[in-house]
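Presented below is the structure to which this report refers.
By written order: A, B, C and D. Residues from 1 in each chain.
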């Protein structure tokens, strides 16, 4: 572990006391915040503005069976990555958009809407991505309880 | 003047893959631009969840045909990180060499496509002829021209022997000479400069704001390169320059790409020289312990990011792929602001879009029965047969033949 | 002023060069199938021990090993599904599978893509 | 009567033009391929393409004006076939000639471009319309330098009849050397007329699919393609008659061979030119034609007038 990661960890804990046991340095250049909770937006602002994690690489959404997990992969231009996780319950899942700070996040958020069926507050109208326009309503492929319905017949 | 909206795609000669853009024109000038992505969605992320890790290496490799090594390496790296596998030195050098060979073939391909988009087919034919050199080398080392199948969890599958080493070095010399020639052409052929410079401008500020990656970002002065910033494989032991440029236009992107070609030759020579002897693979468990990892890789088109989460079984819990084009495609609208229709193909091509990487999932359900007055496939077929029948050409015997053959 | 036509010399030189393209189906280059080429699979029934590792690892579920008698196995390979990654060749503990250099496998009839390697009667 | 019909439909009219057009297309494609280090098509490829296209169904878009849509390819073919009758090919007189036929031939050769415009416009597809407008815009760019540079030799010969020009240069050998700058300008503008790289803007496939021809298919498309090939031959014949007026006094067979060599030279030069450049944008094409070609053509006219005024008095 080099000092850069330690410094970022210390700064995060200093600013947000409850992160004490939630910040994890997995390896060189990889920092995880395991649950940012309610303070997610403030942590995101702090990380991107004060700590220099200014590049949004991607947003991963996944379903672990009981709740949805969102990981915001933030990177410093010089290589360190901060992965901020937040969780929402499976029923009536809502997340606030971050497109006002990161305009490039739009496509990742649309992907979450399409594949996980998450409501993104503040995301404007637009083309859907990546599913087709005639994709049936209420089918969200990345949910764990989603099953493929009409499988292509084998061989023919 | 009246505005018209013209569709570019899903099928259009300028696009090599199906993707749909709609462009609002006033005369030749572009007033608005919007993209509809997703035509290449194949469900790979979902499919990864019910395949074993070994199978997934080959599945991720097929996310994209051009940067296949990029995706499989990124995936394998993440899995190795979770399992705590340290791959042998020789394997990481071989991964580096293949990844640079892939960059060479991808950039040469791009140069040809760029030539074609501006109507300079001679450049296309010449660069693709020279690209055959690197394709042959790749086929020699890995056994295939694309989808190399080189990676496996815990190392690489094939070694590079001395004769191949010699062949690679010979090919590098030849390609270096050719690349120098293309640099002269790109920087001193009047018609090429006219078509490239000042076109598709992406100012530094916007490149940072929209998160442009790879050569697209570097041509706008964004000094980011995963190979240097977050080294993987053997890149931490290799000296190379990160090429940046401040032209901010398509011309700049061309210069960055040809510059990277020159760097790639140096990297390969260096890697071949430094490559240690030893094994090329270590044994990997079939069951990967629970954990998660983010892996980054500098693909020819920019940073490729894989996130893998495991749950202690043979199959991953979640695989997330962020291909470089997804980060870059949002810059196109900015580049086309106030542009001309004639520049549209080259501007789209200049981010070197790879839409199959971007989309990853297809429709498993049959397309809905929207009747837009279009003909269904069967109707079209019947219509075609009848039309030829009226002309006196009858294919029904051919059908019988085919039926017979089908029964056999 | 930069004059156009920079490629003139190279272009004129091409007339005296051998064309880089070939008349493919009539003439084939040697580099089309190098030594490590992964083409159509070949199965040796006599070497198979029926561990079915190949079936387990095949990313495309293209191979099926069937037991027909004691220690006798047959393999069905669907060339339409096979992605020619040769993982089965690598994983096979007895080297019962190998790749060949055959790559022109297209067929108008889907049935022809399914091949069966029969065990020779002992 | 029969003689006229033979010359209109067989030689040197329609049949000859069709054969020469297909041969010209083959030579162009073969040379283009060889310059790009490719093998290129076999000799029967253009004919095979034509037959294949002609065997396909003609699809007329619902929205299109069927009359105009179908008539345009025929108009293009007719205009080109007519024009060849006024051009002296291997003798110093053409089949038909009258005073001022040079201008008529030039206008007949403009008609194909107009038919591309109208055909594209009446097919009502967006790509076709953009292509049609581009074709017309381009016409305004290249037509002026082309006209000026082709009229210049006529000014020197003091006649605007093609046969007259041939006779003048036959009588005054070596004077044609004066017109070489004009020949170069005409070659470049001819690329625009025939819509070839770097001036293939109206049918730039990566931008607007096939431009004016997007909606055309089957026989109509075959006719348009043939018209373009024939136009290449007719225009090359015109250039040969105006700028390369030598070797006309031999017997017909030798004269015909010399004529074919001239056409071959012009087609080869065009193939070479289209190998070398990237496609220009329409605005770049306009400024190139008006800024460089038109003044140069004007210089040629001034040169010829001066020569005529002082030396040939």
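By definition in this document, a contact is a pair of C-beta atoms (placed from the backbone, for glycine too) under 8 Å apart; a residue touches a chain by one contact, two chains touch by 3 or more.
As the structure is a prediction and not an experimental result, all values here were calculated from the model.
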| item | value |
| --- | --- |
| Chain-contact steps, minimal, separating chain D from chain A | 2 |
| Chain at the geometric heart of the assembly (C-alpha centres) | B |
| Distance from chain C to chain A - Cα centre to Cα centre, in angstrom | 41 |
| Centroid distance [mean C-alpha coordinates] between chain B and chain A, Å | 25 |
| Interchain centroid distance [CA atoms averaged], chain C/chain D, Å | 51 |
| Set of chain D residues in contact with two or more other chains | 35-38, 275-277 |
| Residues of chain C whose C-beta touches two or more other chains | 4-5, 7, 11, 20, 110 |
| Contact set on chain A toward chain B in their complex | 26-27, 29-30, 32, 54-58, 60, 62, 64, 71, 73, 75, 77-79, 81, 83, 102-104, 106-108, 127-132, 134-136, 141-142, 148-152 |
| Residue ranges of chain D in contact with chain C within the complex | 33-40, 272, 275-277 |
| In the complex with chain B, residue positions of chain C that touch it | 2-7, 10-11, 20, 31, 34-38, 56-59, 83-87, 90, 99, 108-111 |
| Footprint of chain D on chain B - complex, ascending | 4, 6-7, 12-14, 25, 28, 115-123, 125-126, 129, 189, 191-192, 194-195, 340-345, 387, 391 |
| Residues of chain B touching chain A in the complex | 34-39, 41, 43, 45-46, 81, 208-211, 222-224, 226, 228-230, 292-294, 296, 303, 305, 307, 309, 317-318, 320, 322, 326-327, 329-330, 359-361, 363-368, 370 |
